[in-house]
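Look for chain A in each of the two complexes below; its partner is chain B in the first and chain C in the second.
Now for the complex of A and B:
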């Protein structure tokens, strides 16, 4: 595949729910290999929906989506095969509660990719080591903290050796002191060249990790900019307004 | 009450209890299979089959077992299908129990958090693999209380199979009362044997519920 072919390419993607709500109103976006794209915007702007269209969890009603130049939004697409190449991590971790950490990690590689148990196991242990959870392989998810569960969820997605990783507000359910340990793992992945689409409310994180910021509002991309420019001098009034909500005016107390 | 009579009737009741248990458990196993199939059809909203399953569930839940057994034992022979008493009893229990088991499993399937199947699908698991490895194990744990209640209900329902001439506990008791007039002894043994069958199942079910729930959810 040529260097010019985007890893993920969305063209005029339209998502309309059966109740008539237009979640995406013509979204186009190219993501190149090893690029990290941060997607921000007010709640309900369609950013999570956008991620979920890439692995077909949300079927689209218009436009097209291509993976490595191959259009996947056509009838007859084998979504399980696509999803095996597109990893996703969710806000609520969604580890399987009846399986151990190792069981969670082995399920997809052994049942879908048909990797041998021994090989999958050694890959799992290496990845757990990397996120600092090598000693928790035999624990059940409920024995782990939220931050640890989310790190396991990231490893679970990595087990399939995805070409792209979709991260959907992965720190939104975490206690503040656990956010860092999860974001550090993601920063490590970015350094290794993982292609990622990251929906987040952590503006500092988006600024630190993203090569490009996509600002969405009402189902459309309103602004695309490098983080340095987006967070200091956003062009669109809507983005300026949005970013203002993250800064608090200092409250002055006047002693009379 | 004549104690020596109890001893004399004991082997007769023991045989009948064994038959009751055998018919009951076989019927329950069949009911679980039917219930699982129906629940999966409803869960995946399989067109056509889904309407069929709904019709079956309404029919099964809104007709008495006695009527279902009458149909199997006296009705089917008119269509040239002759079933033995035991087969009738088992098919009847499976027909009745299948709908109750289907509803139990379906409520369990619906109670599993949607994020579970979403994350399984996102990993590349097919709908079938997702159901088998992720959703169903949790659904069964959630459905356990309804499940065990159904098992006890179905064993108690076996008391009507005597109407298709199956010599179960009820049949033997009625028979002994009718021939020997030893009503007290027969009724004492009848109650005692139902308790001997059902109490361990009840107590075991409670323990099993806790155990399965803990294995799946840790609470």
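Now for the complex of A and C:
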């Protein structure tokens, strides 16, 4: 039955950049419907590259990727059609600066999905309401704070009713006080059963939201574990070492 | 009381003649600019090409036009090229041709700059939403490029109007030439005329160029794309 087919499935995916750098060296991963996978690992280990292969922003040199059981990494794939089903939000707030919030939200539904403007509009307003920005529909991106822009970027991805959402460190360039409002939106999506691959450096968030943690290092998946186990008793030395960088040793003052 | 140089301007049709001269200058600038836009946009798009030959040719063209003083280009064209080609071109036509050659290069470079200034993640965000490359160009790159381009292009108009003062040297009777004629004609009756006439010429240039440059500033501000949180 359909329930057994993973929503996203990577098999031995190899990504070599044109300069010869092997960013993914045989990555296999199945993500089932409504699953939330947290991807963590040191900088440069290939997390962003992994997400970008799923919607074809990076072509792969080996292995295969399937969406709902259908292999998409074959010649002749219509990437725009695939991407319409795979939402992605990036680290940099990347709203289109010349369009209002509403303009940003309507662009893809009306041009790609050919939804009527009225229908897309009412959907946009409902989603904006949900992220607490219903009153900002006519503002330009530059009038919004970073956290507000990032919430709009999430809504923009949701406008296409994606089957899976790829989030690449979406809070990494935000001021600390704005991180929470964005993560709360993502937590809400998880509760509603959105399938998500989330790359994050927010370990507490990963622990709270993920059904499964993938730990990567040097282009490979090194450890796969439920968050409760990964964050308390990681098996691989690499993961232990990585998690140690997030804790601080207590400093003892010796006033003698 | 000696006659003031200012009176010269209200003698006969002097002031109207100055305005007529200004119109000649503005006409040269506007026709050249219109032609520069027509030619500069496609050349600018070509300049973003990855083709090495196209890149090199457009680069050499731009550098050449930038390095050569406009006056040299005007002289060479008006006195020699027309002679070699055995064509008879008026000073004004020659000026329009040279200013178009110059304006096309400058505008093309502005177009190139406007296109390449759109960050890569704007393209990627568009692709990630399912837009085709053509749709990304149409709805994301082009509108942003135009917003960046227009204020700079408007500024180029003022630079052109100012540079038209050079065409006096190839015999075009524009505002500066008219001013000189008025001064020369009244040298003995109004010895102080020159300062007043030049002051008026200065004012005319200012009145023409300042609103244009204000317009450029206004557009720049209105279309600012940067994301500065307003809180």
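The rule is simple: the second predicted complex is superposed on the first by the 255 of 256 C-alpha atoms of A that agree within 3 Å, B and C clash if a C-alpha of one lies under 4 Å from a C-alpha of the other, contacts with A are read in each partner's own complex, and residues count from 1 in each chain.
Note that in this section a residue touches a chain if its C-beta (ideal position, glycine included) is under 8 Å from a C-beta of that chain, and two chains touch if they have at least 3 such contacts.
Just so it is clear, the structure is predicted and the values come from calculations on it, not from any experiment.
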| item | value |
| --- | --- |
| Superposition on chain A - do chain B and chain C clash or fit | clash |
| First (chain B), second (chain C), both or neither touched by A:144 | second |
| Which superposed partner A:102 touches (first chain B, second chain C, both, neither) | neither |
| Which of chain B and chain C A:221 touches, first, second, both or neither | neither |
| First, second, both or neither for A:112, with chain B first and chain C second | both |
| Chain B versus chain C as contact partner of A:170, first or second or both or neither | neither |
| Footprint overlap on chain A, where chain B in one structure and chain C in the other make contact | 55, 57, 79-81, 83-84, 86-88, 90, 92, 94-98, 107-108, 111-113, 142, 156-157, 160 |
| Interfacial residue positions of chain A with respect to chain C in the complex | 55, 57, 79-81, 83-84, 86-88, 90, 92-98, 107-108, 111-113, 141-146, 149, 156-157, 160 |
| Partner chain A, residues of chain C touching it in the complex | 121-122, 124-132, 135, 139-140, 143-144, 147, 223-231 |
| Chain B contact footprint on chain A (complex, rising order) | 55, 57, 79-81, 83-88, 90, 92, 94-98, 107-108, 111-113, 140, 142, 153, 156-157, 160 |
| Residue ranges of chain B in contact with chain A within the complex | 113, 115-116, 118-126, 129, 133-134, 137-138, 141, 215-218 |
